[in-house]
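Chain nomenclature is as follows: A, B, C, D, E and F, assigned in order of appearance, with residue numbering initiated at 1 for each chain independently.
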Amino acid sequence: MNNSFAQLLPPSWKTLIQRYLEEDVPSFDVGGFVVGDEEMEALLYCKEKSKSIVLAGVPFFDEVFAELGCSVSWRYKEGDELSVTETGGPEGKIVVAVITGPCRRLLLGERTALNIISRASGVATASRELSAIAKESHWHGEVAGTRKTTPGFRLIEKYALLVGGCSTHRMDLSSMVMLKDNHVWATGSITNAVVKARKACGFSSKIEVEARTLEEAKEACAAGCDVVMLDNYASAEALIDDAKILKQSYPKVMVEASGGITKSTISAYFSPFVDIVSSGSLTAGYSIVDFSLKIK
Amino acid sequence: MNNSFAQLLPPSWKTLIQRYLEEDVPSFDVGGFVVGDEEMEALLYCKEKSKSIVLAGVPFFDEVFAELGCSVSWRYKEGDELSVTETGGPEGKIVVAVITGPCRRLLLGERTALNIISRASGVATASRELSAIAKESHWHGEVAGTRKTTPGFRLIEKYALLVGGCSTHRMDLSSMVMLKDNHVWATGSITNAVVKARKACGFSSKIEVEARTLEEAKEACAAGCDVVMLDNYASAEALIDDAKILKQSYPKVMVEASGGITKSTISAYFSPFVDIVSSGSLTAGYSIVDFSLKIK
Amino acid sequence: MNNSFAQLLPPSWKTLIQRYLEEDVPSFDVGGFVVGDEEMEALLYCKEKSKSIVLAGVPFFDEVFAELGCSVSWRYKEGDELSVTETGGPEGKIVVAVITGPCRRLLLGERTALNIISRASGVATASRELSAIAKESHWHGEVAGTRKTTPGFRLIEKYALLVGGCSTHRMDLSSMVMLKDNHVWATGSITNAVVKARKACGFSSKIEVEARTLEEAKEACAAGCDVVMLDNYASAEALIDDAKILKQSYPKVMVEASGGITKSTISAYFSPFVDIVSSGSLTAGYSIVDFSLKIK
Amino acid sequence: MNNSFAQLLPPSWKTLIQRYLEEDVPSFDVGGFVVGDEEMEALLYCKEKSKSIVLAGVPFFDEVFAELGCSVSWRYKEGDELSVTETGGPEGKIVVAVITGPCRRLLLGERTALNIISRASGVATASRELSAIAKESHWHGEVAGTRKTTPGFRLIEKYALLVGGCSTHRMDLSSMVMLKDNHVWATGSITNAVVKARKACGFSSKIEVEARTLEEAKEACAAGCDVVMLDNYASAEALIDDAKILKQSYPKVMVEASGGITKSTISAYFSPFVDIVSSGSLTAGYSIVDFSLKIK
Amino acid sequence: MNNSFAQLLPPSWKTLIQRYLEEDVPSFDVGGFVVGDEEMEALLYCKEKSKSIVLAGVPFFDEVFAELGCSVSWRYKEGDELSVTETGGPEGKIVVAVITGPCRRLLLGERTALNIISRASGVATASRELSAIAKESHWHGEVAGTRKTTPGFRLIEKYALLVGGCSTHRMDLSSMVMLKDNHVWATGSITNAVVKARKACGFSSKIEVEARTLEEAKEACAAGCDVVMLDNYASAEALIDDAKILKQSYPKVMVEASGGITKSTISAYFSPFVDIVSSGSLTAGYSIVDFSLKIK
Amino acid sequence: MNNSFAQLLPPSWKTLIQRYLEEDVPSFDVGGFVVGDEEMEALLYCKEKSKSIVLAGVPFFDEVFAELGCSVSWRYKEGDELSVTETGGPEGKIVVAVITGPCRRLLLGERTALNIISRASGVATASRELSAIAKESHWHGEVAGTRKTTPGFRLIEKYALLVGGCSTHRMDLSSMVMLKDNHVWATGSITNAVVKARKACGFSSKIEVEARTLEEAKEACAAGCDVVMLDNYASAEALIDDAKILKQSYPKVMVEASGGITKSTISAYFSPFVDIVSSGSLTAGYSIVDFSLKIK
């Protein structure tokens, strides 16, 4: 059974890669003229010293070079943990892939490909850390990202969440409906908001309601929502207490915990009454993994 | 004399904003249907506690809402330092701007506008830190970014470098020619590479050469390059020693220091013989500034 | 409380209208040159004799003329039933709207605007017929469309379903996951397919499974699907029998009936155990409503 | 001599197919992730019972799958009449083509390809019916479509008219100039309108004038038009009478009959004095041919 | 009666202007940052000394500045002949228009606007010369351009032909069908080629056939073509002789003379038996009119 | 060492070719339907009698036919001088290349490919004339083009300058900063303008200042500009006198001579004190080289 997340990619995603390349090379490439089209090999190195680097972005990296007529041979695969200190390698770095093609084309793709893979791997690494904690806790739920992604780069950041073992949460405003305080105010009540939303989205989409109190959460469930977000609670304990009460009346409704949850506090939310814990920091302000490319 | 960096923006940059909005709302917006078109006001809050936040991204934030028929009134201006702890405000956050427009349109633009301004301000804040150190050192040169930017988001990251007081460095591969070891190998010598590059780029573009030794640097200068990058030297002292010798023979050539330079080490490079210090971390792995938007 | 489905439209939908206009006027418009830019009024007539015409497509019609600098004043509103025989009007047709603008621009938009509104109203009219039958039956569920839409025109057809009182069903392949026999075969079992799908889509998306027998349906429910489609059953009765059994074990799972359901057979499916009845004919092979535009 | 209408297609038409695919798969394809990339075969079935189905849309169907890296082998060819009842096949349906490729890619293209071929074949089938009646009447003229096409889908509908044996009529507003009452009013007379149009379109484009009386038609011919449309006449006889008189004075001018002409009334217009009979129903409100795709 | 050729322009032509601006300003505009947004006036000068300059390109020039938020006030109108030596003006140049707007925006549009108007006026001036000769000869026919236009700039060059008093000839390969020797060879005979073309284009498009002898021309006419091109004849006299014979048998067929016809030889072709004379030089290798823009 | 200027082309330039093809074939290609897909060969002829034709545009010509599935075999290479009178050939023309592919595709690409190569070769021929004069004068500097290019066609015209031995000068407004009188007026002084520009462009871009007197030129140099343009001087001698004085004080600053310089006057500017001579006529108002394509 084939498990590659690359199989999620729509036919149009290659256009994104073309735009990235065009952003980096809007007109002439004098460096390319200097080096010419001689066939060469380049090595992709990972230079990070951390033990827990997760490789992500392989199909995007591949496509950058495919656009340019080069090919990539990988020594690690998508989702692998790269351990620089253990496997060693010259200068404390490891060879992750070998790219073959005309010299100027290798250099044309270099910066765009590295900019992608260093960010995708950064997101996947941060995601793996959180999902690993969840796994160790034997928690049944999902650690999820948010829509706090870089404009123009969302597809790759959402994809990297999956590689790291987390959920994408809704892809965009057109996916799962999410009703917040603003929506409630504008319609008079949570019930009105949910009923009106269902009229437009129908059965095929889930509706999530952001609740700040148990009463709000209960009204949302009674109105027919599918997910309740308990947001910005004073403590994990308080949140779990409410989640437990909610689950007794509405066992099928999913409960999401959100609001300033970090790596150090997340495990407190791994309760049987909480189904999703989401964190914006997975795609916003994440660290970059240091990759480089050298022609042999 | 008007000094707004927004005046740098080309006619086409609004297309970028349209794409960002399309990425976030590919089809129906059920939340918008729920709230409708009633005219409302929303407040943009900055929630960071740090003293040194630099506001950046104003023209992009404005354009998101202009596309949606809303208008923005700012209480701070581009480049201002926001000091949450000092000015205070309810809940330890300050109101940065007021956005007015139909309720559903405020919510349509919310996430994209916040995703932009939180990243632009993050880059500007990091840039201001480094440029402030340079200023305090009374250094004559430029702290510059690199091409290590997020694909699809470069224009905004480069722009934010300027707001933070740093230089953009070359915008893309088609700007200033940069010759690295790969280019040299392919042509046989630094001299050959520079001559060949000049043939294609002519007088109107600068040529920078990456050198690892004083000999390489000298050959590059003799061949007619405009900038020499001294990369990955063992120490700032060693780099400055070479820069000094170089400047004696080639006083008009600019010298760039590069390679793993961080906030804690940068001041060691602020020599009269060094003209540019560049750092990839300004646009890669930077922290995000926490903004939020609330409808009144 | 504003209820317009136009509030569902994303910022980018106007691009669609621009493309439609470009399709109809790729280069010069000699007719426009002939008539010039004199300000004029045009009347939009509905010529259908049927009593149950539902007007749909108003925001798209408006946008065609907005793109061309004309304005539209409506005598009926989105979703209204137009009754030509009752209200009468000269030549057995009624005036639906008045468009004002430069003569050549009225003619530039005429055909595209009519092509849109005649199709949107066709879909809405067919949808209203089915949703009215459901309403008369006091059925709790949703009559829904499918993805059998005209390529390049889906947004408008899906929108018109809502105006007619039906559900859109999933907007595209990237919305709610739908697992059919092909997916099951490829993974070995319904359970495998559902588990693998959940791994990628997470909690924020529903999963629907197409089942041909009660056993398949039960396995799907046990595996965690949100909706079961009972497809191509021999009779409505047989389908409802299975739906009833299913609901006893899995009361929260929604049941969709599908497969060759027509206006004459649909009421047999309006059971308390069936939540959705879908019909491809609402957007494929629907009749067109005859509108025309005359300059006064 | 090769006669394929596919040879009419411009270099850019593949962009259209890419847009159709993007419309159906805007972001992730979870179903594709479930099934993976195993090579498989899928059968294209036609399920219609009617004897006179005309297959159309082959190059577009091919291109959908070519974009996805699959290949199609056809058992019938463009324009063939599919006779389900005669050739039989299991379950009263016939196999029209076999598509080979990775499983997820077959499913990615399925809906878009079917949506195209079912509509193209619908238009071609309706067109063949009318063109066959003309042929049986040994009529010299052309049965033609109109610009009443689905926005975003015109190229395929116009193409299918040709496969069905009809004429496309003008492709768009920029093709043959067509002057209607509105144009005449704005310029004061038919003569003025024709003269002004010729000034802009020159010799290379035809000019057609819509006439409601013989006098109008004569003025149009005298002014130099190439085609006269006799529109909405009370009867076919009245129209033919005028056409005959017109042809005596202007034998080179072509005469088009138009206005509410249906399959049951069309043969009355097949006169030696009428050169074109046009019908909007060929591309508006046409029936869909039922195709489906099953993976083996 | 309004006669502006600007009324021929399709809704989409403004996209062309946006692309031209983007070509000239792909990223930052440092000059714009230097001058800022102060409101200013700029004068458009024509510096040519020739008496017969024809102003063309006004709507495109206007649109460049409209895109940038500036407005243009013209002292001459589209198609006017500018006579620098007569009206005089400082430094032997005349003020053609005044543009008002923010300083940086005037400079942003300057080069693109001048590049357009200098070329459009060049084409119009060359066209006016030939059409004036035709007018003086009291010739009934059309002087026409060809498809020998600059890729990416055709719309403007075709438009300028009209301003200069010439015909556009077919706009593109999809307009009037043109059959040359290659088409004839591939189908076996002129008759075959014409019949096959008519099958695809129907009545709404003209068919032109290129003939090199009277026999070929006659076959083309007999086969039903609308226009015959007599190409590359040894002399104008020989061509007119054949045209005369042809017109006697086929009075309705139009005759086009083509092949190396220049300003000095064109009048020899102005025969009553020739309807069109075409010249590629009107849009290929034409002289540029010297305009400049100065801020006051 | 490979020297092809084609190696300068960015990944995205093929999109340009696709647009050119779309401009010429917006909808159906009836001629292509007439000839069909039989494999054929076509010859590219150059028909110019001049001795100094320079072939340019080979990669663009190749790409037109590559887009259409044809291949090109060249008998001359980019930059070669084609000498029709010497090598002779039938009918005084020479075969430059052989194109192979399906007949209709050869004809589809014919006009676009010829329109490109005839213009690119025109620019390269004009450029070679001037660069040859410079070479004969043993001048050290660069003859350069300007931004006076055809909108939508700049990439090819700039490229052809290089093939002809000239410099491109800045590619667009976003390349090298150029400060003219307008910029100076808006900031108060040349010094202010240069300082403000440097603030935005940083070290990586050159700054050129247009000066009309020696005093202006000196101020510009003192302010830190990289290039000074001496524009519209009364005579070459006067310009060289000032250039000489300038070089004594600022030996590293480059001096550009500009303003109405033609082939007959250019050699007067080839002084050791002048580094660049630029001429707008290289890309504006240039002659076209006559190529044609014939199917064998």
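Methods note: a contact is a pair of C-beta atoms (placed from the backbone, for glycine too) under 8 Å apart; a residue touches a chain by one contact, two chains touch by 3 or more.
Given the structure is predicted, the values throughout are model-derived calculations rather than measurements.
> State which chains count as neighbours of chain B and simultaneously of chain F.
Touches both chain B and chain F: A, C, D, E.
> Which chain has its C-alpha centroid at the greatest distance from the C-alpha centroid of chain C?
Chain centre farthest from chain C's centre: F.
> Return the distance between the CA-based centres of chain B and chain E, expressed in whole Å.
Here chain B and chain E have centroids separated by 46 Å.
> Could you give the separation in Å between the centres of chain D and chain E, each centre being the mean of its C-alpha atoms?
33
> Centroid of chain A to centroid of chain B, CA atoms only: how many Å?
Distance between chain centres, rounded to whole Å: 24 Å.
> Which chain A residues reach two or more other chains?
1, 3, 5, 8, 10, 25-30, 33, 36, 38, 108, 168, 171-174, 187, 196, 200-201, 205, in rising order.
> Work through the pairs of chains, note which ones touch, and then classify the graph as line, ring, star, complete or other.
The chain contacts form a complete graph, every chain touching every other.
> State the interface residues of chain E toward chain A in the complex, per the touch definition above.
26-27
> Quick check on the complex: what are the chain F residues that touch chain E?
16, 19-20, 23-31, 33-36, 38, 103, 107-108, 111-112, 114-116, 118-119, 122, 147-154, 156, 172-174, 177-179, 182-183, 185-187, 193, 196-197, 200-201, 205, 284-288, 294-295
> If you look only at chain F, which of its residues touch chain D in the complex?
18, 21-22, 25-30, 32-33, 36-38, 67-68, 104, 108
> Could you please specify the touching residues of chain D with respect to chain E in the complex?
Answer in residue numbers: 1, 3, 5, 8, 10, 142, 144, 162, 167-171, 173-176, 187-188, 192, 196, 200-206, 208, 227, 252, 254, 256, 275-276.
> Touching residues of chain C toward chain B in the complex: what are they?
Against chain B, chain C makes touches at 1-5, 7-12, 155, 158, 168, 171-172.
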